[in-house]
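For clarity, chains are labelled A, B and C in written order, and residue numbers in each chain start from 1.
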Amino acid sequence: MTNGLNLKLKIWRQKNQSSDGQLKDYHVKDISPDMSFLEMLDTLNEELESNGEEPVAFEHDCREGICGSCSMVVNGKPHGPERGTTVCQLHMRRFSDGDTLVIEPWRAKAFPIIKDLVVERSAFDRIIAAGGFITARTGSAPDGNAVQIPKEHAELAMDAAACIGCGACVAACKNASAMLFVAAKVSHLSLLPQGKVEARKRVLDMVKVMDQEGFGNCTNTQACEVECPKEIKIENIARLNREWIKASAAARDV
Amino acid sequence: MSRLSHFFTTSIGQKQLMAITGLVWVLFLIGHLSGNLSLLLGPEAFNAYAEFLSSQPLLIPVEIVLSIILLTHVFLAIRITIQNRTARGTKYMHKDASGANFASRSMILTGLLIFAFMIIHLMNFKFGGYEDHDLKLYGLVMEKFTHPEFSLMYLGFMLVLGAHLVHAIQSVFQTFGWNHPIYTPLIKRISLALALILATGFAYLPLWAWLIKKGGV
Amino acid sequence: MLESHAPTGPIDKSWDNHRFNLKLVNPANKRKYSVLVVGTGLAGASAAASLAELGYHVKAFCIHDSPRRAHSIAAQGGINAAKNYPNDGDSIWRLFYDTVKGGDYRAREANVYRLAQVSNHIIDQCVSQGVPFAREYSGYLANRSFGGAQVSRTFYARGQTGQQLLLGAYQAMMAQVQKGKVELLPRREMMDIVVVDGAARGIVTRNLVTGKMERFDGDAVVLATGGYGNAFFLSTNAKASNVTAAWRCHKRGAFFANPCYTQIHPTCIPVSGSHQSKLTLMSESLRNDGRVWVPKDPSDKRAASDIPDQDRDYYLERRYPSFGNLVPRDVASRAAKAVCDDGRGVGNSGLSVYLDFRDAIKRDSEDLIREKYGNLFHMYEKITGENPYKVPMRIFPAVHYTMGGLWVDYNLMSNLPGLFVLGEANFSDHGANRLGASALMQGLADGYFVAPYTIGGYLANTKLAPLDTTHPAFDDVNREVENQTQKLLNVDGKRTVDDFHRELGRLLWDNCGMARSQASLKKVLDEVPALRENFWRDVSVTGSEGELNQVLERAGRVADFLEFAEVMARDALTREESCGGHFREEHQTKEGEAKRNDDDFCHVAAWEFKGLGNTPTLHKEPLTFDNVPLTQRSYK
């Protein structure tokens, strides 16, 4: 291919959670601009594998920007330079021949590195388990149209619910705060009438677990909003703050 | 008490306390600047204003409360910063600010500088021995500001104050949960204007004293 | 042998009667039963949540770092239900009828009727969980027509319906995790099933972080591990989607039903080069407003916008005047293949057709189109670098869904007692072709509303001897699994796992894809064993066993695809008819439409494993159609 890219990659290699990692240099040649970023890494990995070397471990699954598995920082930017895009949907036409790309894992104490670019994000699951749901026992639901929901609320809830739980917000935040993630879920659920019943308990419990997991504090820098591949707005963080204040002021047991 | 500790020990609680304590000091700054502008009216007006303030019976209690609020703000800022550094763990090899502006990223730095400045400021003026001065506080102020290095230092600190306030004021609204696609841009502009007015207002006084009045009365 | 246990009598009462006849487990005893749920997509997560709510002790396993990442999340278009909110003539009966007909009369009537029945409860359930379905300005739920349906029965949450439904189920399950009723075991891959006294009693998993084999015992095993579309290497499935769990159960005795039924989705983004690692689906809802065409003249190389209408062939509208661009998926896919075979395909490869929104934009304005499909257009532009508001999209069919799967009876239990199979992993409800927006419906129907009853019925009716993971059966399975892992690591060859997978995929796509013939299928049966042998001689599996080893994971899955491919081809070869997603070139009408053979093939083909290299045994479950008369599908 004539218009293939030649790139220098500096990739974080780390054997496991307890060992130290470091950046290692690699070169890839003749990368098609139509490749996705992960396909570029596939190319590198296949080359490594055929030489009997261990390929770079990275998480990926759907490769269409929705599962939230992929998680790498490219030149300091979670999911790479393109806004509103997961790294699996980032295409190599975004880069130029001769570029150097530094590829690192998410870095947060609450997301320990398991290997190379793979981090453990189960802290997010524990936050959801703490309250990120509406209790609706299977079988107990009334008719779907029993409760009208203003279109605007449904749309705002959907905006927030679009979160894919990838953790880019944490990776981007200078404080490794998970507020955007938590805010997205709290907003999604508290905007809907069904979610209001448990709203107070939900927000207090989720924030409590968020703190316990070791995420940092939000200082309103907005980096999360900029890097969120689903462009979730910090308006949701404001809503989370509001919900938390309401709940804290009214709670009888704190 | 348990409610207070709830605020002190949760991330969002600390954030609220930061916002509230900061907001009190923004209000203080507005008051302080309005008062200080009487410097421009000459010694009588300025000294009368200073006299009026110091004769208030509630001055000491207010000062104590303000100090507590300030120390809370500083204490929380330091604690939050430590928590946040710990939360990151290993730093990125390749750094990129990801859209966050300088002001928002440097609050702890600008904040600590402002705290240092406040000590200098109090030492020089409140405890600077103005009672002995011919023209009381007015005289002391005018004298100090004729030293270029002193005035320049003030200018520098006001720049820092401006940077701190640019992020701080609009941030309060976000922290209190007020974010709206129409009002928030407006709030940000007003915050910026207020930060600029406060910083330039405070910066104007040494400049005025040094370059326009040249220390004269 | 193959007893479907489908109730007889009036079909609209059959599920109610059946539920009444199922024995109940005493509430106090439920907590003594433990159920292993493998897979946490729509079917698995909803089953885990519902079973835990009932009081069973549930262990839920997933291969991802979080259950929320299961590939159900990628479903875009919507979920069907017979609510008839739009008052356009829909009913449970019509949804049932459409699904049986759409499946080309190869599904079990009673299952499909039940599916249509519970579809309404699913919507209610999901709304209650906070799934943000699209709404009208009135605040009521919005519907759209989808993939060939002539009524608007599809509920949707923008282009992310699967995501929202999955998050609903995931959240319901996580609530049970918090309560201690579900034990969540992420990053575990099921390596095998443990069968004791003929019943499924446990599984062996590999901990994907430590590499350790782990054993779990239970009173029932629920498999909700999705389909086998990745046998083709390139598909719209996620990279980790695999057949391993189902295949290992098959090797332990569970029958594999209708493996030849694969759905090729007509609207995917075309392949851009040999580096392609997966294909991206564009929701079929696009066909509501987009018009599919190719140039009339194969030599016409003008840019799409320069080709006037009289030189365009809107071939779906031409061939199927009453359904036009909304014909079912199998029909649309084959039509696209036909025009490309005809040399009229567009794009560099000649392997794509246009999906044009010019007229819709002219009619409705760009803003309205953006509101409906904005995220899809955005995704298309991201991937291809072309702006679909200005130039027509290019699409091509791709493997998307597999209707075949492990054989299950009406209770969703396989022929291995205690092994329940849910969602795409079973074969049950879609016949030979699945209608759009029905996969989500089936996954959730199985998990929320069917399995929780039928598993209870099984447990109440069965006396299981107490056992734990020290039972010798666990030792045996564990050893076999470890041996296979060691064997993979010891090959020490030169070719990458993906390279083998790509070769297998190419072989299947060319010979067992949209069109199949006796010759092509024999070719597959000839070549797969050789490829498999090659794999075991020359594959390069780096790293070691006791660590996170993604190459080893992939190698294990590809090894299973290399075995599975044979039964898929054999099933296709044996089924001497065309139906739904299975198109045999020998069996078509003069106009090139699929020709069924109801006399000889109106049955489910369930294959029994007889050892690798041996011909599997075919068991037939006859299908009867008492309620929807057998007719040749026509979308003309």
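Convention: contacts are C-beta pairs under 8 Å (C-beta built on N, C-alpha and C of every residue); 3 or more make two chains touch, one makes a residue touch a chain.
Just so you know, these numbers come straight off a predicted model, no measurement behind them.
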Chain contact topology (line, ring, star, complete or other): line
Innermost chain by mean C-alpha position: A
Pair of chains joined by more contacts [C-beta pairs], A-C or A-B: A-C
Chain centre separation in whole Å, for chain C relative to chain B (CA means): 62
Centroid distance [mean C-alpha coordinates] between chain B and chain A, Å: 36
CA centroid of chain A to CA centroid of chain C, Å: 27
Sites on chain A touched by chain B in the complex: 10, 12, 23, 73, 75-78, 102, 104, 107-110, 172, 174-177, 179, 207-208, 210-211, 214-223, 225-227, 234-235, 237-245, 248, 254
Residue ranges of chain C in contact with chain A within the complex: 46, 49-50, 53, 64-71, 73-74, 83, 85, 121, 123-130, 132-141, 155, 157-158, 160, 163-164, 167, 170-172, 174-175, 177-178, 184, 186, 209, 238-240, 272-273, 275-278, 280-281, 379, 382-383, 385, 448-449, 452, 492, 494-499, 540, 542-543, 547-548, 550-551
Residue ranges of chain B in contact with chain A within the complex: 2-3, 6-7, 10-16, 80, 83-84, 86-101, 104-105, 107, 167, 171, 173-181, 184
Chain A residues touching chain C - in the complex, by the definition given at the top: 15-16, 32, 34-36, 38-39, 42-43, 46, 48-50, 52-55, 57, 59-69, 82, 85, 89, 91, 93, 114-115, 118, 120-122, 124-125, 128-130, 132-145, 147-151, 154-155, 157-158, 161-162, 164-165, 188-189, 192, 194-195
